[in-house]
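Order as written gives the chain letters A, B, C, D and E; numbering starts at 1 within each chain.
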């Protein structure tokens, strides 16, 4: 149960000599600031200021700020979102509001009628993008959203949120390519499965017909 | 009642010296005060400029984290932990993930453990350099040290942004691993940073540790005997500055800390100067850990494939897990009743409990010392009030 | 008590004003450029056959106006340069968007300050609250009037210039205390208490270190003190007081005390914002606050100017053969160097604590400053007949002055040096 | 600040002067926004980062963080405003000298953000003090804060100092000190200031789901 | 390392025969068992744990309050020995996590329970033994309403003095400030509905 007592080893990490003059520390410090002051005129690592509106520091493509919705094709009709409400439930600050669109018979159209995100509440956690099973919500890097209109300007509806797949590909090339490849594979798999199903059905039908024919032939034969 | 030998004179009211009430000046430092590191408040009674009583007032940033966490799923609390100690979100992530892993018995793949160590130690670099900057700022040094600290911090934040997608609020760790793998070339960039960091440390040490004004301000200020510190629940660099060799990374190695060779720096007196120096020395040790971890970084999975993201439920039970955060012992105490939400979610915040002995440290000193002592405790209000 | 003395001083020196205006060198040379407005006014009034007293008064007003204008623009410039220098030391750019290189930043600040609401807290004494900022600015301007800026540029040639300077300087303390008291709030009061104890404590080393210069120059007139530092040793070393053992020590003491007197970092305790918010200025807004700011900077100019006059040879050129450059250029060059030094210190140092500040003044600065007086006398009596000092004199004076420094070093190494601390590692 | 009616009319007759005077003042105010040294939570760290070397808010003349509200022009509410803190914030706002501006930085300051369901969290500081610019994000990047500052500068540049549409602080009859909420047994009293906070009515749910 | 709970229990029972100590089992994978301590002996148990050199639990890491409106749930999380009668009603619980810095051992989990959730909400304070409990006990008093007898300065710590509720209790009702909720669902929707404008009569 006992662990050995910690072994201590004496050493004096600030390698100061035994005798120091008062004021040396101050002068050393002043030397540091002087070096920084002078070098700031010609060394890049001593002048790190990026003059924001004109210059911009590179921002990683992984940077996430607020979510956006992806649509396939050219317009909102291709919105991938199926209004399944998983993100709405998982969103830690509950800033997503989704209403499922239904036709006149009350049947689900698998698309959102309302999809609002209150970016004045959103905490940029990215959990919505993580849990979405339909690859439809991703995190945007856009951050210049300051506004004087607190109520109108910060409640994003689905038109404001929608972005094309191209936008996604431009923003996060790696992620978008991966998603596109996976979706394509799934699509192909689905198509293949469908084709296989059709083929199988066809085969079965043919076999059935064949059987029926045989039986008929048998019947006629008998 | 059993007497506590570590009780402060103020807690035992009989021993307060008789003072003429008219001579005393009641000052409320905070909640909006330049050097209370946020919205901390202290009701100070001064005799001249000497502190005769100091009562901290908390709660100005009480954001009900624990209550909110009981109402959301286990995973949804992860981004909230970022906002506890907002200077070092990744260690908070780790502490919480570790508690849930303990609660649910989830294994963590080796690569993920390495990623956790690397991010946690980078976080320690951020915290300790920023501490030094803020500490100097409390002494009225016009932010030069802070500027240098933040200059280096920005480099680490760029790494974090690439890895986790956010500068501060990383939300990176998941139960059983991390959210995503290291991007291509990230480890090389981190290595470069780690190799260049000592140069900056030399510069910062030249600027600070020999400064006679700083020495005069910090030496023999705020020291307490180590037994009192342990009894008061003080942890982290503050405890080690007094010479107690207690670092959870060594005492109870979590993650894979037992694989690395590193040392725990210890002070002797435990005054504010030692507290600062211990942080300088810990920075060097963190760099040693980082070098080893980046060298040994194995290939493999970054998250346990068995762990679920959606609809995660922990088995009935409770768990208390803690890590050595940059500010001290950060613990999470979780009770699960088997549902998707924790039944009880409690944080053991190092900043909050390290303030227990604030009054003891400040009594009889100057108002200016109070500011330094508070700075040397290294608090973050998000964690103090939660 | 001081105020009547002040008035007597000013009135007593009025006749001497005429002296400055009697000689008539050519109207415009580099040397006399700063006196151009004064001369023009004089000529205009003389042409109009104005009475002598009017000419004298107008000339005085214009001279004073020139100084005020020069230093107000210097104040504006310094407020920008300070921010830029601080920024550069911190690897930033500093203000650069208001005008080219941010040159209009002080203008913007001024406009904003002027148009900002003036708040008088309900608990404040409104009259004193109003008077304090004005009282901060006036003595600084008065003090600026007696400093010789150039060979021909001495706005008010007072015989007792040094006394006048220190007399006006003490008024700042009263003003700061009034500001703290009149605000009717705790932090300003704490700040004022700190300020008053600090300023009184540092006034002593300041005056004592100036005294050694007075002893050797044998005059209280600042112009004569500058004149006493003219010439060059060995043909190229300027005969400035700072380049003597006693002058060196007294100069450094003066520099430190001046820094403390003008409440600059690391002695900015009265407004120590990490402790007592903004000290005596906490309750001031708008233009009153700007006046405090202005008073502080003008005070800085004045005390640096005095330091230059006493120890750095005033407007004297640093090397022989530079006579073609106007003398006031040297003065302002030295001023810029000293101010830059103050800024540099500000970027680096943390603030000291109240009791340490006091102990430093009373146990360190004042004894050493007192020691410079006998050393200065020794210097005087061991001088060669031609006024220069031999090697023996140098060694003797330096040795005496080294004693306190050795004592300090020993104490420092026994009690505070960073090498005293050892740290252990637990595996 | 108030300019009397007659002078205003006189100036109006020489329109040019009024406009140039106005734009000069607005330029001065927008180029010298001194923020109050006042950080609440996480966003304060990004606010500090914005003043640091990489982003350098000083370029806009806005690095002079004044610890005293009297000398500050801009209150950057950076972080969660709790109910316990709200009266202090309102008091600080009242202590600032006109013209004063408020930036709500980050989700918490705008609306309570992720913590809005907490019992001690104020759902947006605009419930008690007028906010000029809101910067969403949790926390907003330092660039976003600079963008917010520039948005505010543009807003100040358009301010009218006289006439019916003049800015709040140029109106001598404008609101004086805002009422400071009191601590009640369960919540702040009142929970919002109706003179300042007028949210649009929401009719969700009935028609939609 | 994890402490050897049965050994500690035996030692405590030897030192304090009157202390009502019950070993509660943790059913989860963490397997952090706990000791339920009776009110009267809590301070004495802590004192013994701290001062016995072989135990040397000198460091009280964490004190947390838990609200158990349903005692069955509490028994499921911290399983009592077979045959113990379940509690009659809900109660408040204080959980202590102790460590030994010298022996590098912990956590030792202690639990103390109040008699009910309304009137008998007393638990003795351990500040006299562990000062680190000071602010944590105040926090539990503030948020759960447990009254720590013998605490030197028991005041609200996080909420303001005028506040009357104990918000961390499970039955706490948060104040109604749901005037503007653009994205409501679940519980928030119910509360926000109260603020929707009245529908015009058709």
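Here is the rule we use: a contact is a pair of C-beta atoms (placed from the backbone, for glycine too) under 8 Å apart; a residue touches a chain by one contact, two chains touch by 3 or more.
The model shown is predicted, which means the values in this text are computed figures rather than measured ones.
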Using the contact definition given at the top, which chains are in touch with both chain C and chain E?
A, B, D
Chain by chain, through touching neighbours only, how many steps does the shortest route from chain A to chain C take?
1
Counting C-beta pairs in contact, does A-E beat B-D or the other way around?
B-D
The chain whose C-alpha centroid lies farthest from that of chain B is chain C
Going by C-alpha centres, which chain is most central here?
B
Just the number, please: Cα centre separation of chain A and chain D in whole Å.
32
For the pair chain A and chain B, the C-alpha centroid-to-centroid distance in angstrom is 30
Between chain B and chain E, what's the gap in Å when you average each chain's C-alpha atoms?
24
Rounded Å distance between chain D and chain E, as computed from the means of their C-alpha atoms:
42
Touching two or more other chains - residues of chain D:
37, 52-54, 56, 59, 67, 84, 114-115, 117, 119-120, 138, 141, 199-200, 204
Could you list which residues of chain B touch at least two other chains?
33-34, 59, 62, 64, 67, 71, 79-80, 144, 147-148, 151, 154, 169, 207, 209-215, 245, 250-251, 264-266, 277, 281, 385
Where chain A touches two or more other chains at once, by residue number
3, 6, 8, 13-14, 16, 20, 22, 25-26, 29, 32-33, 36, 47-49, 51, 92, 94, 97, 118, 121, 123-124, 151
Pairwise touch list, complete, is A-B, A-C, A-D, A-E, B-C, B-D, B-E, C-D, D-E
Which residues of chain A touch chain E in their complex?
1-3, 88, 94-97, 116-118, 121, 151, 155
Spell out the part of chain A that touches chain B in their complex, as residue ranges.
3, 6, 8, 13-14, 16, 20, 22-26, 28-29, 31-33, 36, 48, 59-60, 62-64, 86, 90-92, 123-127, 130-131, 139
In the complex, chain B residues that touch chain E
1-4, 6-7, 11-12, 58-59, 62, 64, 66-67, 71, 102-105, 227-228, 230-234, 244, 246, 251-252, 314-322, 329, 331, 333, 335-337, 343-344, 346, 348, 352-353, 355-357, 385
Which residues of chain C touch chain D once you look at their complex with the stated criterion?
83, 87, 90-98, 102, 104-105, 107-112, 115-119, 273, 277-278, 281-286, 289
Please name which positions on chain C make contact with chain B in the complex.
86, 89-92, 186-187, 190, 265-266, 268-269, 272-277, 346-356, 412, 416-418, 421-427
